[in-house]
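I'd like to ask you about the structure that follows.
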Amino acid sequence: MQRTRVFPGNYKSLAEISSFIEQSIKEAGLDTRDVYAVKLAVDEACCNIIDHAYGGEHKGEMEISVQVETDCLKIELRDQGKPFNPADVPPPQFNATLEELEEHGAGYYLMKKLMDSVHYEYSPQTGNRMILKKRIKN
Amino acid sequence: MQRTRVFPGNYKSLAEISSFIEQSIKEAGLDTRDVYAVKLAVDEACCNIIDHAYGGEHKGEMEISVQVETDCLKIELRDQGKPFNPADVPPPQFNATLEELEEHGAGYYLMKKLMDSVHYEYSPQTGNRMILKKRIKN
Amino acid sequence: MEVSITQYKRCDVVKAAGRVDSNTAPSLAEALDSITEAGRFKIVFDMKDISFVSSKGWWVLIDTQKKCKRYKRGELVLVNIHKEIQESLNLVGLGTYFQIFDDLTAAVGSF
Amino acid sequence: MEVSITQYKRCDVVKAAGRVDSNTAPSLAEALDSITEAGRFKIVFDMKDISFVSSKGWWVLIDTQKKCKRYKRGELVLVNIHKEIQESLNLVGLGTYFQIFDDLTAAVGSF
């Protein structure tokens, strides 16, 4: 079964998106830790859409589709903002001292750590598509 | 109805005596504050018997009778220790500075404050009798 | 009577359960003395699980309060004291010698 | 997001409930800034009722930690952090920048 919803591209949507994700993945039977991981990954993905693809709030919409398969959870996020190249995302700042830490980044890295796969593609017809997958352990 | 029990004159009895009092006065329907007051008054009375009438633990017994009447609770304590004169008990140390406070006394004063009446009598035949009364408000 | 002591940076928290009467007051005194003898004079007595305190118990606390306040080196404060116990403390006129907190964190945070 | 601040002698306890995400992180930042701007740099963040923290939230805490630790004048410590939140903090490599306590009193008692 697939559930799709469109949310306005603003920070107020984030809490609603979390509830939508929680409801939609219920049947997958993930444990609390994995449910949290998926909600956090989606939150980070949506923040990146608002902040980077749209360059701010209230610029466009985010379409989120959740599909629960027997052994896998698939979440697709679409937006009409500007594309990016994941290869250009700088690696996280490991071993930095507190003072050296730059206070941004980590979202994309977190998504990849939290999910089993993170796939991004862009086409002028469909816009940006981010596909997050999480294996369902049985 | 009247309940009577005899306890050895030592500090270990005090917890048992509290339970005995609590059980015995249940039917009187006192509120928690009054139940606490009665237990505390009896505890102080028993400590005085052990410490002063007997001059130490393991010297004699304490007989406690509890009588619940319609408007009054009566507790009688008997011992075979040495008698005393309540009029000689010094008044409590009010307005003392912390350093001036002498770390004893207060037990007899507390009993009188906690109960509605405290009566003491001695006869060579029956020994010491302390009678504590508490009105039952309805 | 089981008495536990938790040592924080600025104070020690003493916790015990049940009755403080002539039978158990010596164990409480021992625990409190072990703290003041170690030169620590900021003490919180957490009375959450204390159901009864007779005058013997109050004298143990008064004794510790004297040691703590001497030379202004500290204080014994009480926390989570049951209502009836606090009333009897006031009745006997000893309530004024102790600062009383509703909350353990606030008591520890006061030092 | 409602944020409450309780000021103790040696530290301030900040408490909030719900989600710390891009929407709510600014309110948390404002509360924390009000403390450091008042020249107080010993802060306990009580996360008992915090159910979610995104990277935006972590950066607010890192920013405050920098201000607190500068010139060794203090520290931001975390308490009552939910297990999943702590795991994601470690996952992103920021766990090492915070001291974490299990108990609010212990956190306040550490200052």
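Chains here go by letter, A, B, C and D, matching the order in which they are written, and residues are numbered from 1 within each.
Definition applied: a residue touches a chain if its C-beta (ideal position, glycine included) is under 8 Å from a C-beta of that chain, and two chains touch if they have at least 3 such contacts.
The structure presented is a predicted model; accordingly, all values stated were derived computationally and were not measured.
**Student:** Using the touch definition up top, find the fewest steps from subunit A to subunit C.
**Tutor:** The distance in steps between these two chains is 2.
**Student:** Going by C-alpha centroids, which chain is farthest from subunit C? Tell me that one.
**Tutor:** A
**Student:** Averaged over CA atoms, how far is the centre of subunit C from the centre of subunit D? Could you give it in whole Å?
**Tutor:** 31
**Student:** How many angstrom lie between the centres of subunit A and subunit D, each centre taken as the mean Cα position?
**Tutor:** 25
**Student:** Calculate how many whole Å lie between the centre of subunit B and the centre of subunit D, each centre taken as the average of the chain's C-alpha atoms.
**Tutor:** About 54 Å, centre to centre.
**Student:** State, to the nearest whole Å, the distance from the C-alpha centre of subunit A to the C-alpha centre of subunit B.
**Tutor:** About 72 Å separates the centre of subunit A from that of subunit B.
**Student:** Could you say which residues in subunit B touch two or more other chains, in rising order?
**Tutor:** If we look for residues of subunit B contacting two or more partner chains, we find none.
**Student:** Quick check on subunit D: which residues sit in contact with 2+ other chains?
**Tutor:** Not one residue in subunit D touches at least two other chains.
**Student:** Give every touching pair of chains, nothing left out.
**Tutor:** Touch list across chains, by label: A-D, B-C, C-D.
**Student:** Which bits of subunit C are touching subunit B when the two form their complex?
**Tutor:** Per the touch definition, subunit C meets subunit B at residues 19, 21-23, 52, 54-56, 58-59, 62-63, 65-66, 69-70, 83-85, 87-88, 91-94, 97.
**Student:** Tell me, which parts of subunit A touch subunit D in their complex?
**Tutor:** Spelled out, the residues of subunit A in touch with subunit D are 11-12, 14-15, 18, 32-33, 36-37, 39-40, 43-44, 47, 50-51, 92-94, 98-99, 101, 103-107, 109-110, 113-114.
**Student:** Could you list, by residue number, the parts of subunit D that touch subunit C in their complex?
**Tutor:** 6, 8-11, 13, 104-106, 108-111
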